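Every chain is named by a letter (A, B, C and D) in the order it is written, and numbering of its residues begins at 1.
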Amino acid sequence: MNITELLKDLNSRGLEAEKICDGEIKVIANKDNFITHLHYLQSINYEHLANINGVDYIDENEFEVVYQIYSYTDKIHIIFKVRIPREKPVIQSIVDLWEQAQFYEREVHEFYGIHFEGNKDLSPLFLEDWMDLPPLRKDFDTERFSEIVMGSMRNGGKK
Amino acid sequence: MNIMLMLLVVPLITAFLTMAILKHQKTVWTIFLAVSGYLSYALFTMYGKWDLSWSIELGFKMFGKNVVLSLINSPLGWFFAFFASLTTLLIAMFSIAYNDEKHDSKTAPIWLLLIFSNIGIFFAKDWLMFFIMWEAMSTTAYFIIAHGKEISAKAAKFYLSISLIGTSTLLLGIILVSRLSQTFDIGVSIDSLVKLFSTNYSAALLYIGLFITTFLIKSAIFPFYMWPSKAYAESPDDFTPFLSTVMSKYGVYGLILFILPILAKSDLPMFGKISQPAYMLAVLGAITSVLATILAIFQTDMKKLFAYSSVANVGYIVMGLATMSVVGIQGALFHSVNHMIFKTAIFLSLAAVIYRTGERDMHKLGGLVYKMPLTFLVYLLAIISAAGIPPLSGFTSKWLIVQALMAQKMLFVVVAMIFASTGAFMYLLRCLASVFLGQLPDKYKDIKEAPLLMAIPMTILMLLTLAIGVIPGIITKPIDAVLTGMGYNVEPSSWTTVHTALAKSDLNLTYLFYVFMVACVISLIMYLISGKQEKIDQIDNYTAGENPLEWDTTPDRFNFAYGFYQPFKQMFNPMLDLISFERWMSSFGRIVERASSALSLLYTRSEGAILMLYIGIAILIIGGMM
Amino acid sequence: MQIINYADEERRQEDNRKLWDKVTAYFRSRSLWMLHYCTGCGAMELPPIMTSRWDIERFGIVPMATPRQADILLLTGYASTNTMKRIIRTYEQMPEPKWVIAFGSCTVNGGMYWDSYNTVNNVGEYIPIDITIAGCMPRPEAILDTMVKLMNMVKSGDAKAFQKYKDNYGYYKANQDKLFARTAPVLESASLKYVHNETEGSEQ
Amino acid sequence: MVVINIILYSLFAILVGLIFMGIGRKVSARMHLRYGPPFYQSILDIFKLMSRKSFTHNFVMDLGMVMALAGLLGTMLYVPIAGHSAFISNSNIIVIMYLMAIGSLGMAMAVTASGNPNATIGISRALTMMLGYEIPFFIIVLGLIISNNSSSISVIAASQAGSIWNWNIWHMPLGYIAMEITLQAMMGEKPFDAMIAPAEVASGPMVELSGKYLGLGLLTHAVSIFVETGLMVNFFFGGGSNPIDFVIKQLGIYLIAVIFDNIFPRYKIEQAVKFLWIFPTGIAVVQLLLLAF
């Protein structure tokens, strides 16, 4: 399936798909039924889940979870985006589709506080004894944090 | 009363006596100690009195003469009997402490019977006596190995089935040889076999083949090397040293007593410098040591590991014997004693470990040097001796055997010997590293050093191995008597130096010890003049900056002991799969076992009857031939 | 908190060491073994100084595999909090006498990661440092120069940071605990954290 | 007198070994197009290591390291140096082979006592390697013994006296080639240095050795270099007419090993043992058969 056919196919399934460049498309999905779409993609040879990212759109009061999916047969990279509200950052886990999602989801959970329903082990992966807000959220004041904990100084201490 | 008879009667009577008071274990084991002490003393006084003998005429005739059961104090028999009883004495002291309420194996009376047959075998003058005692030994050992445990009973059955084959061939051999020589006397039968070699070569080969099979089975030489790993591992911990050190020597004794004189006196086809049958024997010994060494390297159970180690050591002894030279036989006899001493020390220190921890798998132990330093020291000196490292005793005998093999130009046998003794280093260190060194698991935080009664025999053994290593004369002097008794022309050996057949290769061991000591002092001075050291905790190790305890790693998981020689094993895996020798051997063992259990239907109701049955059949057949 | 100039203070005093100490100091200065704890980009600068261009082995400086064998600990770049924990353990596993060289700006004031939530700003607050090298990254010449300087300091007995660590252990330990042994959230915003509970999830 | 002799010989061997190590480092530096450390660098290292503080886990570590050095020194005393030795002995090869094992045993004991898994892995590799190189080494030695009908090194060395053409290297070239490969493994140089692989097992046996323990380890290594190259000189290069001649020959042999060390990558342990059991052993067996028949 080449890229134009794929775009047509995905649009016909109710997804907002858009070509970014050769071999790379962007897809925006709804958080309620994105799993069925991922399932479909997996069934048409998109067998590689490269990563899961989180993005914090604090102005729009939303988190975005991005799944990077790749097909070795079609050589197409899909950037699959799902948005969830910031007040209640809960999304379904895709561990059943890709086993390696276990670790990616753990990481996203640790750094954004997004909860993945169905992932059994969301214990901290990188941070040790972390008690504050997840550090990559925009409302986490990293400057002030490092001032208090590490004693950091703006401009090396010069005013 | 005749002292020879006393040697037999004392253990026999005390065996029955102790059966009566089996409830009082401490008393029983003390009596056992007293008996072994008496035997050692009596044997000690018997040194040099080679005319001592005892005989009784039985009331029926065979070959036109009355059948006689007789004993004689021969230097060879004395040599083995004395060191065997000395070993038993030390084990007996250990056993008093070992057999408490928890480890009570109630084997003392049967063990006394075993000692009775032990003395009988070593002093027997005629085949009838020899066979009775041999059979008694095989059967009684079965009951000690089994000692009322199911898993042990399985191993014991395996042992019994294989040793029944041995006794059968022995019986057949005795029948044929006695018919040939018209008497039961061992000395006469040697002469008649020598005569047979000149007339009918293949028949004579068959005759001695039967005997050799018996002796090889008893000493676990290839192709019968697999039974010790089962029998030694499952027998009671304090009996294992006896089984491994004393009982594996019966076969060696038989070879020296009967086979060597025949091979030495007959005119045989030669292969290089030695006769073909002797070369075959040497090759069997070489194969045994190599195979047993490789198998020992792969074991995870420490008793199995040392079972294979014993097999390898008996392999060395057979190689030494097969050279048929003075140096080789000297080395073989020397190694027999050394093997008794260091292997007893090893098995006793392991028994002390098992006594304290209750664990036999090496990878579940570790770091015991923190808690049992004396046991560690005994084990360390014993393995140094076992690895053949100077200045301890094991070196002298291995050195003698290697020199003899080189002098006889048995090139591939001597390479096998070196392979086995370097491999020995590998498995000995594996046990040392896994059991005594490394991390001490938390569950063994509270264990104590071995009790005093265990520590005494272990310490004596440690000193003994050092003393013999420094002054080899302690052993070589009696060996002179043995070699003279066998008809070899030997010069009296010196206290400190061992001689070989090669030019300019004699070795002064006392000197070697001094040199090593001076080197130690130099090294110690280097150590003392340098900076101070600080003692740190066992878990404080370099782990790339990680703290292992933070990652739920306990000291026992941090210990590297399981799969110690994994790359080496992987190297052998394809080969082992290809030949699958072990599988073949165990299937052979199973067939034997099945056949024997079918056979055992004949006697399962009354276990002792088999002995009488055999003797009865023996006498019947021989009587019928008359 | 003045830390790095510790050595200069000492230099003004007279050299009143015993002869034996001078001899050992000479031997130590000629045989410095380094453990390069490759934390950041600075590790890239080490291959040039060890290979044919600058060849640091001519001063007797060779890389070692474990802290037990090493004299110098090289911190080659920024230290994150997790790494800092390992650095401290590694440092404490080294036998005395021992010296620390910190590479680049990151180890002094955090460098370009100064406001990161997980990068230590001044490594010298947690372990004592003998010499720091400025730059992002320092050139191999600078490293070589530092090594020679350290050799001279060791020879003259000025490099005593390890002694300082022992004397002021309380200070360093307090700083380390502040970094690692946190028991409560640092910022008030932690209360905004969304806590998922299962019953809420299942109702949906 | 003998005691003083022993001490002097020991110091001599240690010094020669250390300087060899320094020269070896210099030579490999030149091969890398570097300037390299001074030739006395190893002495500086030893002094520094000995004078600094060190860590021990238990008394076995101390005992083991002392034993290792003592074992190697004892071995060294049995090697005749150009016909001289510290005391009158037959310098039996088999004794030397087994005495060298004390060094390995002491080292193995000391480092496994530390309880570091890396150290234990290193030791298990070192012992596996030992089984690998002892076989070809012994076959070569066996060839020498049966051709001289004596297991004394002095006899073997004396049999090559006189002209350079009497050296065994011309009489048994195959044996020499096998010995050269085996020597590489005995000295733990590449390609047979899997046991001290710094990147995989953090220098293996030495991982927990600090200060004087490492110093004793280095001294042991220095003496072992002396012993192994000394054996080689006695076996194949006529043993030397005077000690200086002897040491120069040793240096030559050591430098060959250093050069090989610099041009080869590393074998995995099982590859190394397989290699040792096939090539050097095969060549040595051919040599042995040529000598025996």
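The rule is short, and it goes like this: contacts are C-beta pairs under 8 Å (C-beta built on N, C-alpha and C of every residue); 3 or more make two chains touch, one makes a residue touch a chain.
What you see is a predicted model; the values in this text were computed from it and never measured.
Located most centrally within the structure is D, per distance between chain CA means and the overall CA mean. The count of contacting C-beta pairs peaks for the chain pair B-D. Distance between subunit B and subunit C, defined via averaged C-alpha coordinates, is recorded as 60 Å.
Each chain gets one centre point, the mean of its Cα atoms, and the points for subunit A and subunit B are 70 Å apart. Subunit B and subunit D have Cα centroids separated by 35 Å. The set of subunit D residues touching two or more other chains comprises 51-55, 202, 207-208, 211. With touch defined as above, residues shared between interfaces to two or more other chains in subunit B number as follows: 534, 540, 542, 544.
Each of the following residues of subunit C touches two or more other chains: 66, 68, 85, 95. Looking at which chains touch one another, you get A-C, B-C, B-D, C-D. On subunit D, the positions that touch subunit C within their shared complex are 25, 29, 32-38, 41, 44-45, 47-48, 51-55, 198-199, 202-203, 206-211, 214.
Partner subunit C is touched in their complex by these residues of subunit A: 87-90, 113, 115, 117, 126-129, 131-135, 139-146, 148-154, 156-157. On the subunit C side of its complex with subunit D, the touching residues are 24, 27-28, 30-31, 51-52, 55, 57-60, 64-66, 68-69, 71, 95-97. Per the touch definition, subunit C reaches subunit B in the complex via residues 37, 66-68, 85-87, 89-90, 93, 95. Across the complex, subunit C is touched by residues 534, 540, 542, 544-547 of subunit B.
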